[in-house]
Amino acid sequence: MSALKNYSLREVPYYKVHGRTVPGVCPVPLFFQGSAVEVNVSGSELWIDIEADYHMHEMWVTCEINGELMSRQMLMPGRYPLCLFRGMSAGVVKNVRFTRELQAMTEDEDCYLLVHGLQTDSTFYPVPKKKYTLEFVGDSITSGEGTYGAREDTDWLPMYMGYSRNYAKMVSEALEADAYLISQGGWGVLSSWDGNPNCNIPSRYEKLCGLCDGPVNESLGAFKPYDFTGRKVDALIVNLGTNDASAFVQSAWSDTVTGERFEQRLNPDGTFHEEDLRRFKDAVIDFLKMLRRNNPQAHIVWCYGMLGYDLSLAISDAISQYCAASKDNNVIFLQLPDTTKETVGSHEHPGEKSHQRAARVIIEYLEKYFQR
Amino acid sequence: MSALKNYSLREVPYYKVHGRTVPGVCPVPLFFQGSAVEVNVSGSELWIDIEADYHMHEMWVTCEINGELMSRQMLMPGRYPLCLFRGMSAGVVKNVRFTRELQAMTEDEDCYLLVHGLQTDSTFYPVPKKKYTLEFVGDSITSGEGTYGAREDTDWLPMYMGYSRNYAKMVSEALEADAYLISQGGWGVLSSWDGNPNCNIPSRYEKLCGLCDGPVNESLGAFKPYDFTGRKVDALIVNLGTNDASAFVQSAWSDTVTGERFEQRLNPDGTFHEEDLRRFKDAVIDFLKMLRRNNPQAHIVWCYGMLGYDLSLAISDAISQYCAASKDNNVIFLQLPDTTKETVGSHEHPGEKSHQRAARVIIEYLEKYFQR
Amino acid sequence: MSALKNYSLREVPYYKVHGRTVPGVCPVPLFFQGSAVEVNVSGSELWIDIEADYHMHEMWVTCEINGELMSRQMLMPGRYPLCLFRGMSAGVVKNVRFTRELQAMTEDEDCYLLVHGLQTDSTFYPVPKKKYTLEFVGDSITSGEGTYGAREDTDWLPMYMGYSRNYAKMVSEALEADAYLISQGGWGVLSSWDGNPNCNIPSRYEKLCGLCDGPVNESLGAFKPYDFTGRKVDALIVNLGTNDASAFVQSAWSDTVTGERFEQRLNPDGTFHEEDLRRFKDAVIDFLKMLRRNNPQAHIVWCYGMLGYDLSLAISDAISQYCAASKDNNVIFLQLPDTTKETVGSHEHPGEKSHQRAARVIIEYLEKYFQR
Amino acid sequence: MSALKNYSLREVPYYKVHGRTVPGVCPVPLFFQGSAVEVNVSGSELWIDIEADYHMHEMWVTCEINGELMSRQMLMPGRYPLCLFRGMSAGVVKNVRFTRELQAMTEDEDCYLLVHGLQTDSTFYPVPKKKYTLEFVGDSITSGEGTYGAREDTDWLPMYMGYSRNYAKMVSEALEADAYLISQGGWGVLSSWDGNPNCNIPSRYEKLCGLCDGPVNESLGAFKPYDFTGRKVDALIVNLGTNDASAFVQSAWSDTVTGERFEQRLNPDGTFHEEDLRRFKDAVIDFLKMLRRNNPQAHIVWCYGMLGYDLSLAISDAISQYCAASKDNNVIFLQLPDTTKETVGSHEHPGEKSHQRAARVIIEYLEKYFQR
């Protein structure tokens, strides 16, 4: 084994960053679950020079070698090197992907993960682009909440979330696609699960990473407008509506400071209050306009159903209205199989099996779509 | 073994007829796939006294014993006894179901199947009603076309259709439900796959069996209004729209006699012509009104997707409009997984595996629905 | 459709007979489950001219078209034509296989099935030989007992037996092999399940079909020595021992006429009586000699385990002794997964799922073997 | 959250050590894959105080919470606390298992893993014994080699081995059993895969952990005789023979120091050399005697086949001879399904799917055995 050499990321001749980022920045922040640094490297040993911190919710990462999961672990705060492999045959090129498991964390302003560089005893090789580019926009389902943990576990914990057993990963791998993920547990198109109208994905979609907080993330450029021209998304998979449905069965939300109130009401007979439903549909329509403005060529697939079908008709209706008004027909509604006792994971969220079923429906749909 | 004794159906103390029928009629016609005579009987041997005929499309039937398929066979024309079992332990009660495999045949006016009676050496026992009652309304998918036959087979044949590998059967058995089926290959809500506006299911839904023809069937009462008060359907599964989608990509249909023309048009950019789509949506809305009028308490589940998602938004939109106008919210849209290369059967129709996937989605949905 | 034409089997230019038979005989008897007449034919309609009879145990058959099961049915006694398909596109060549489901029946001397000829409106085409040739030798498992019927069914009935869900069929199809089957429910290598030493497969193996009885079968040549030179078996799958194991837990068998007694004993501690086990092993060794004598080139795979592993060591031991003494090492012992609550069928016999698991083990083994 | 408190393992009132160990020792060495410390604890946070080292082959561990895998990671050398969970609801009792993934390492004398203690903010609860006790004795298969890593990976690496996707884990969990594992990649009953007669499991079986080396492990008591009286094994699963089969196709092994030679020969016709096979069988017989001496009540299940069936007959034969000579019939031979292209993992070893298939056969067998 030759000696290990330190490379700042700037010095690494070939590497690929997954997820939204600023090209060429060093250290590179990994903002979202699925955000990753990927290299092809021929050495016998590889370390990654990382920096992580948090206040409440600790960081989790995975390492894959040649496409197979090797490790999944909690990160301690601080800056330090982490060994990704050692003792391998030096002459062979390995594909290595170091991936953030944990979603962007609006609730922890100290939470971040940076990659500063790499150490190896050998050479880097180019990492090609994949055939397709996808973006997944969602809530806790897309954050993979429930894909780890026992069924009886009910804590809201980083440990139970992840990219590694996520339908977004399954879909991307099956279609040979690069993927962007942006999601936040509990958030919806119009409001959060408990009716907070500030917790809606559209309000953050156009920032680099609007789903985090605090001065460190600000200094990393998270809140700047995202440059959508740097990528060309083939299909945009939106998986939102589940928390909006939940808001209808919660009591009114009020801002403890301003006293502002927000409520999505049910009628006495259990049906949705027409006006409030209208407000939700308008949010869907507005979000579709925003998505289209930023991704002119993307096929938009609005998925829904993994935690109940309650807003299927409302979402379909909003899509229909958007299509009719905009003459943009490059949008489809795709219902995903609901989660059952057999497929549920921890915290009453879809488990790995539910993600597999959902992924299969999306994969089959997109395979057919891409073939025409 | 004691001697066999002939029983006219009138003399059989206990038997159950599945599918739409006139109570107490003898011989009993089995009009639809899934229509059946079921008995609990303790003898060592059981024969059924049947009568069948056809001009072009021969009859197929199955026999199940204790819920397991024993035989599936083509019937020769004529009246004769058919042995359902022999040589069994006489003291044990067996459940036997003799079932029509073949859909009602609009294209063969001589096609019918009658049950006149039974022969056994022992005693009949009551056949209880199941927990739920379902009705399935559909097209070739609900007629089970493609569930038999090799993938390369492209003939339109009775042999390739059936109830025995049909999602309707799977759903009914999983939910412990009695089932009514009414379907016709090639037909839609508004028109047939090739745009014939006379071939629409709603125009026949209110007859006992409007999906057959000819004097024999007329004499059997097929064209009389069906008495919907004789049953109480818990859930009504509609699986229509596939042929209506097909009509949009066919050239105009014209009646060779009257010269009447009908066309569902696409715009030059491949999207649906608005006016024609409107016409389809109106047909969906009108059919929902008809279904509700005749089945006031039924939960209506409009399923769609096993052969493509093209009209998902249109169907959802029509349902939304129906719900808004009628204030009837007891309707849901349920998308079924599209058929793939792995799940396709003969004649480019869903194979048994596709039916299994669809059934699972419906079963899971209805299990949840029935539990609330 | 042109007119149907009658062909005596002698006049059919191309057809293939599956299973042991006398080449060119007409009518051709189908002695065993899996025995079949197969044709490639281009007509719109095909009938088969058959003759069947029985005293107690009725005949069952299947028809496959293009490799897919179309019908399974009970046959009435007599000679008559049976329609295999009708209404098909005339120009296309269809592969049709008419197959006996039911094992040879030692217990019913009137039981037989003959094929006299065919009727079609078109032309016959050659039916090629498959890549490999296999012979399966067994007991009720190889007769497919339990692959049909409900779990609670305990009758010993033709209806519950069959080739169509049999591991022998699954193996043959997966390996693209022609198959010979010879088996009898309840029989073993040394004795039957209840210790009758006359009911052993080796004593009948060298006859054309030693597993039937009566003057009709005699006149068909069933009891004549089988001409093993007419075929070259690549692999010979023996699945015997299950009934021999059962004999050890039954009380002594005695011949009601001669008073002859036979017993396979257990020791008081539940282990096998050494002398009796020796007798069983000798029977295995002798049968291996017989199999080898008649099939010099065949790879012999002695399978065991689908209904318990009790005689695994004894069979292995006998094979080892045979190999050591004969210097013939072209024999292997292959344990098949035991049947479980999840995989059991009717009459406490392996169900279709158990056959699938067993088939997979054999297929994987033989694929590897054939590749070296 | 209350403050974390440090507990030496001696101070922890309730904990369970999995795998062979010396009761009550602190720090407790985890010698084998599957060796673990398990606690039930109610705090919001849990850390484990560990110490690890190696020269060549780094240590890997997993953490499971409530029976679900949370992390799998490489350990850096040194003594330090590792966080197992944080941020959980304090009042709920969690089951936590910290498990060594990596087999004992004969090839790295500095390789060890110790647990010194735990840190938590709450209380420990008893960890009950499981229903059954199993011991698994094997080679690389039982070390889980190949259960991680891509198919094309061919390095011999700790990273690719593991307990977490191992049939031994699957069997133990399905049967609710505590498990002991002892295995070494490349080793056999008589010799290693390349014919080294010193690398045989029986020579080390009676030591606490004979499959490691060096002064540190010696000081931990690894080479002392294991006290078999401290446990009562219900079933002992031996999965050996694969490397012995391999030795037959390797050229002769010779000791570079002493010049000692060892060879397992094939005859020119490819069959096993009788004398050498005899030597192997004797090793099997001797090992069975050793296993029985130390585990008088254990049901011994000798498994074989996951990487080929070559020595099936020889192993069966040896078992038969052992049984006959010892009158000990509490031994069975169980063939496991061979690994296929679909079920293979990295380094041409059984992948997770192959382990699942093997586990199912063992589970089903033992379930039946335990029920009688």
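By written order: A, B, C and D. Residues from 1 in each chain.
We adopt the following convention: contacts are C-beta pairs under 8 Å (C-beta built on N, C-alpha and C of every residue); 3 or more make two chains touch, one makes a residue touch a chain.
Quantities reported herein were computed from a predicted structural model and do not represent experimental measurements.
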| item | value |
| --- | --- |
| Joint neighbours of chain C and chain B, given as chain labels | none |
| Chain C-chain D separation of Cα centroids, rounded to whole Å | 43 |
| Centroid distance [mean C-alpha coordinates] between chain D and chain A, Å | 38 |
| Chain B and chain D, separation of their C-alpha mean positions in angstrom | 57 |
| Residue numbers of chain C (touch at least two other chains) | none |
| Arrangement of touching chains [line / ring / star / complete / other] | ring |
| Chain A contact footprint on chain B (complex, rising order) | 269, 271, 274, 305, 309, 312-314, 316-317, 319-320, 323, 329, 332-335, 337-338, 340, 360-361, 364-365, 368 |
| Interfacial residue positions of chain B with respect to chain C in the complex | 56-58, 65-74, 76, 83, 85-89, 148-150, 152-155, 157-159, 346 |
